[in-house]
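Order of writing sets the chain letters: A, B, C, D, E and F. Residues in each chain are counted from 1.
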Amino acid sequence: MKIRVIAPIISDEFNSEILEEASQFKAPDMEIDVVNLSRGPASIESHYDEILAAYHVVELVRQAEKDGIEGVFVDCFGDPGVDAARELVGIPVVGGFQPAVLTASLVAGKWSVVTVLQSVVPMINDLARKLGVEKNMVSVRDIDTPVLELTDKGLMERRLLESIQKAVHDDGAEAIVLGCTGMLGLADRLEKDLAKKGVPVPVIDPTASAIGFLEMLIRCNVTQSSLTYPRPTEKERKL
Amino acid sequence: MKIRVIAPIISDEFNSEILEEASQFKAPDMEIDVVNLSRGPASIESHYDEILAAYHVVELVRQAEKDGIEGVFVDCFGDPGVDAARELVGIPVVGGFQPAVLTASLVAGKWSVVTVLQSVVPMINDLARKLGVEKNMVSVRDIDTPVLELTDKGLMERRLLESIQKAVHDDGAEAIVLGCTGMLGLADRLEKDLAKKGVPVPVIDPTASAIGFLEMLIRCNVTQSSLTYPRPTEKERKL
Amino acid sequence: MKIRVIAPIISDEFNSEILEEASQFKAPDMEIDVVNLSRGPASIESHYDEILAAYHVVELVRQAEKDGIEGVFVDCFGDPGVDAARELVGIPVVGGFQPAVLTASLVAGKWSVVTVLQSVVPMINDLARKLGVEKNMVSVRDIDTPVLELTDKGLMERRLLESIQKAVHDDGAEAIVLGCTGMLGLADRLEKDLAKKGVPVPVIDPTASAIGFLEMLIRCNVTQSSLTYPRPTEKERKL
Amino acid sequence: MKIRVIAPIISDEFNSEILEEASQFKAPDMEIDVVNLSRGPASIESHYDEILAAYHVVELVRQAEKDGIEGVFVDCFGDPGVDAARELVGIPVVGGFQPAVLTASLVAGKWSVVTVLQSVVPMINDLARKLGVEKNMVSVRDIDTPVLELTDKGLMERRLLESIQKAVHDDGAEAIVLGCTGMLGLADRLEKDLAKKGVPVPVIDPTASAIGFLEMLIRCNVTQSSLTYPRPTEKERKL
Amino acid sequence: MKIRVIAPIISDEFNSEILEEASQFKAPDMEIDVVNLSRGPASIESHYDEILAAYHVVELVRQAEKDGIEGVFVDCFGDPGVDAARELVGIPVVGGFQPAVLTASLVAGKWSVVTVLQSVVPMINDLARKLGVEKNMVSVRDIDTPVLELTDKGLMERRLLESIQKAVHDDGAEAIVLGCTGMLGLADRLEKDLAKKGVPVPVIDPTASAIGFLEMLIRCNVTQSSLTYPRPTEKERKL
Amino acid sequence: MKIRVIAPIISDEFNSEILEEASQFKAPDMEIDVVNLSRGPASIESHYDEILAAYHVVELVRQAEKDGIEGVFVDCFGDPGVDAARELVGIPVVGGFQPAVLTASLVAGKWSVVTVLQSVVPMINDLARKLGVEKNMVSVRDIDTPVLELTDKGLMERRLLESIQKAVHDDGAEAIVLGCTGMLGLADRLEKDLAKKGVPVPVIDPTASAIGFLEMLIRCNVTQSSLTYPRPTEKERKL
């Protein structure tokens, strides 16, 4: 079972860390590789970034299918290009948002997303409405930290702990979804730290959920519906 | 008051018809011009087409602001690139979907969209959920006609009449939104024909609503919220 | 294009200010006049006031149509008599609520209403549910000031600034709707003052939206659906 | 325990039948009287009729409280004047809609309303949204019969049987609400007839539910919330 | 009219207090008796407790019908076994939740539940969603007191007063539902105390609403829908 | 990784088929065993059956944890005892409903459930509302076949094909969830047959989704939230 992670950004410096993270959650018979964009944004924090990324993501997803890959994870919580890519290929394609929040909806009645910046909150609200789970999402909080500054793991962790506690106590969250796939390698430690502070709340890592969903879909031989994502008709398109 | 219509397709053959249509609904102090894409799809009928178009639409919207334009209509019912473009400029940007269905929500309790193809129905469902008006939309019907075949006006009109009557009688629609901006110059005649058949239902032309909304926003000096559509931060982006 | 504003109150002292306000937002080919009630309440702050006003509003709307008026704005955020009046005439009739909150839904993902008194909050909640936009309305706040005390513009403005900032920071509002048509001539200044305070939020003036919607409907030749608002049958009615 | 039924129409010819119907559902310690309007519509089938009736209903409700009445039923499925009347008195006031559909929500997961005319369907949709139970209401069907023609009991019953069976089989209704308080004395017989036809569905009579709710509220010493229905402030009102 | 209250707990020590409470709200022609479980939990504060109780409640409901009882109140806010019991008998069966919150929906636009413990809040959220009234429920607050400690009436009352005021001021509640049937004999006094503190909010006692609903259903000859609650088919069941 | 399937019925005759089915979807490092109830119903087709099963399911789930099992699948689409069992153990517990419909929500915008009998439709409606995905579920259809008659695979398959086509064409379903875990070993064949008939729709097998979700949760070290499913307090419980 071969899965590909597409990091929808132009830098390859996170690829090895992404591979390491994703590999923790894989089944023994699963192989994972990681690719990134040659053109597009350095990180995704706006609709504009999404559009720039999506334009290139779709081609990488097409290539993945040609390469014999059986499932693709577009490694961003904004699901850039995911809808379009699903139209183009017969293998399952997931982003970071849908698998994570569907998992949260199973383990808890109400949950919050904790993301990077206030500026992406409206995009996450839109994704929740589109998926039809907005009633389960009691809040979207942010840690006021751009994606490219998440490399300071200590700072990120302190801010996440603070935001998560507010989500639980003030908003009534019963589970937490990490709202950026750049928040790597933290979910398990956060969950343990929170339990020690008397806040026993599941923390969902979007990478883990995405890998798990892809595996499930591949084992079940199920892919995205071609009624929801019909194959685009042939016609003139100038790329 | 200068408004620009961006036809998000690579052909310029509809520009004059679009200009004529849009001009019917303009105020005396309003000037309208029409531009189209140099690269992108021939028509928009999938998420894939949207992404290809959006990539180029955002640049045209930026250019419009530089040209002193006061409002932009991205002339497609799928609102391609509209969210991203709103982040980039200070002038109001609308697509075909939002103005039309908000107008329908004012004139009727429940309404239906009648669009071109079954394949775009899921995209319209998503747009309705995102805007928060899905409860008002009782159905999305299609006339099984690709955008580029809408040039046969007689055929389009017959199919629209049939679909609209089903929407009213079977789905309970109290108003109709034409779900493709390529359905030009028909709303008024359809409404009259339907009234003659005993189906007195308002028919909303998305071009008319878009022009009207832009004029209203410009006169009120209101534009899209920079809290919903924050300006993207500076960082590396390889176009 | 002739539009009439009906101030649904018994005093005529606001008529000139209303005319002045409304005229700011009109197209060059639009004429506006203002009338008020001879019987009814001094202001509208309860369902009881609405019923007293509505009884007389409907007759003024009928008269407007007879006078050759092409669109009517019932100048109150509670939309008193608007549903009934729409049944009686073939010209478009709008109140203050619907145009304003539909405009807010276009320019922002989530918005708040800031109104006069706590006592009218349940009425606004009802209007939002009826229109089907309640998910977009994150809060209704009030400035604890009766309609007839809005004449102290300085006080009103200070209280509005305070309430709006709470709506943005505590409730997540991304646009603001002024929830009383008596809050005249302030939207633009409030928006500028808020921007200076680092709260860059669109402020929607219900009068401006109402005028804009009427103009759009008239130019498109669209009016309220006679399926939603059927003409009342003939039968005995003792007035 | 004294209850008053206000028939919000100008004819007194139904008063005795209403009294007889209502009395079937009363507790032994309950007294009921029936009054009607001196001015207003002959029947209520439009928003316009509602406004004409409401104007006079509120005064009758005030009078009821002065007369020592402990609860008022405004005997119409459109709840005309109910919101306003609730602001004016300390005794509970109910119309026909709310008690009936809340009862239906208890006895069944999903229910339909069967009413008189297509023209009142939008009004019932609005009432359902306002009360927040629209998800439980799977359809509103009509028997195409004006209120004043309901006197032909045989015809009404045949049409109701037909509509109810469609509501159950086509719309998935699990209970039926009779959507006009003029459908007197039929619920029990309809329910038995339907059971014989293999359609074992509860039929809710709005009069029965209204009387039951009033009794419950009076025994519990609970009335409408003065936070939802605050007492109107004193100010000039020209009646 | 004979009604039975089933206290779904193994102690009989509350039976006489329950009978006294319930009797305050009964009609003159109504007889009430109270029974409790021989096996099951001491109180109900978890899904686990509900399942243990439900297993025995269903048998007591069956027995009630055999005993000629005309309506059953399963005296717990969690409605344990109510859905299953409704399938087994032809007489109406209600729990504590549904009658109380439907009553609240009639007397107020928005309401809160104030219950015993944080741990039961998710169960109440589920019940509200299932009934379809979750939009009317603005919050569920708790007084951090287990059911079996509600015997300290002074403490319970102080904590309720505090929680209710928060529900009104912070959450916008316009009515309060007492979220445990063990909060006996307090609703009326709380309502008076709150009014004195300037918080004029109706307080709904679930016992009172349940008795009232049963009476209404019995007088109307209406019971739960056998389409929603079909009779279980015969087959092997090892108890 | 050890997973246990609990067949919540008293017969062990399906255990080997269940094991075979479940094993198709397991990862190489996963072990599965199957147990069934010693007391309870022969099949689950009512709330009554659910309660009888749930009472015994909870004990088997407790035992599973003691046996070192890492995840439990309660093998029924009605999720009997799942909420209660989640309170009792620290290992993840899933039923048939939640994993299947969450998977459907990822692969399609709108989906239908096709289940055994009309009588279980209201239970499935309740589960959908409780999970918060009811907007995605466009219909619940049944094949009018009791669980214990599903052994006639040919008949079941013909009826499923017919119902699924109606769900797609009449209800707008874009994916199908098999609404009974007794519909074993069919999803893949159905999907292929439907594709041949020009109905290219994903068919979700609830067993496959449940196994996949358990694996994902175990690999991520995530279990149900103890805020949603708190551990029941110690107190007297007579079993």
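Just so we're on the same page, a residue touches a chain if its C-beta (ideal position, glycine included) is under 8 Å from a C-beta of that chain, and two chains touch if they have at least 3 such contacts.
Small disclaimer: the values here were computed from a predicted structure and weren't measured.
The greatest centre-to-centre distance from chain D, using averaged C-alpha positions, is reached by A. More inter-chain C-beta contacts link the pair A-F than the other of B-F and A-F. In this assembly, C is the chain whose CA centroid lies farthest from the centroid of chain F.
In terms of residue-numbered contacts, B-C and A-F present the same interface, as over half of their contact pairs agree; the other options in C-E, A-F or D-F do not.
In terms of their C-alpha centroids, the spacing between chain A and chain D amounts to 51 Å.
Chain geometry summary: the mean Cα position of chain A and that of chain B are 30 Å apart.
For chain C, residues touching at least two other chains, in rising order: 109-110, 122, 126, 129, 132, 135, 174, 227-228.
Contacts between chains form some other arrangement here, matching none of path, ring, star or all-to-all.
Every pair of chains that touch is listed here: A-B, A-C, A-E, A-F, B-C, B-D, B-F, C-D, C-E, D-E, D-F, E-F.
Only residues 10, 38-43, 45-52, 54-55, 58, 81, 83-84, 86-88, 118-119, 122, 126, 129-130, 132, 146, 148, 227-230, 232-233, 235-239 of chain A touch chain B when the two sit together in their complex.
Per the touch definition, chain B reaches chain D in the complex via residues 109-110, 135, 172, 174. Contacts from chain B toward chain F in the complex involve residues 121-122, 125-126, 129, 134.
Those residues of chain B that touch chain C in the shared complex are 24-29, 92, 94, 98-99, 102-103, 105-110, 131-133, 135-136, 168, 173-175, 187-188, 191, 200-205, 208-209, 211-213, 215-217, 219-228.
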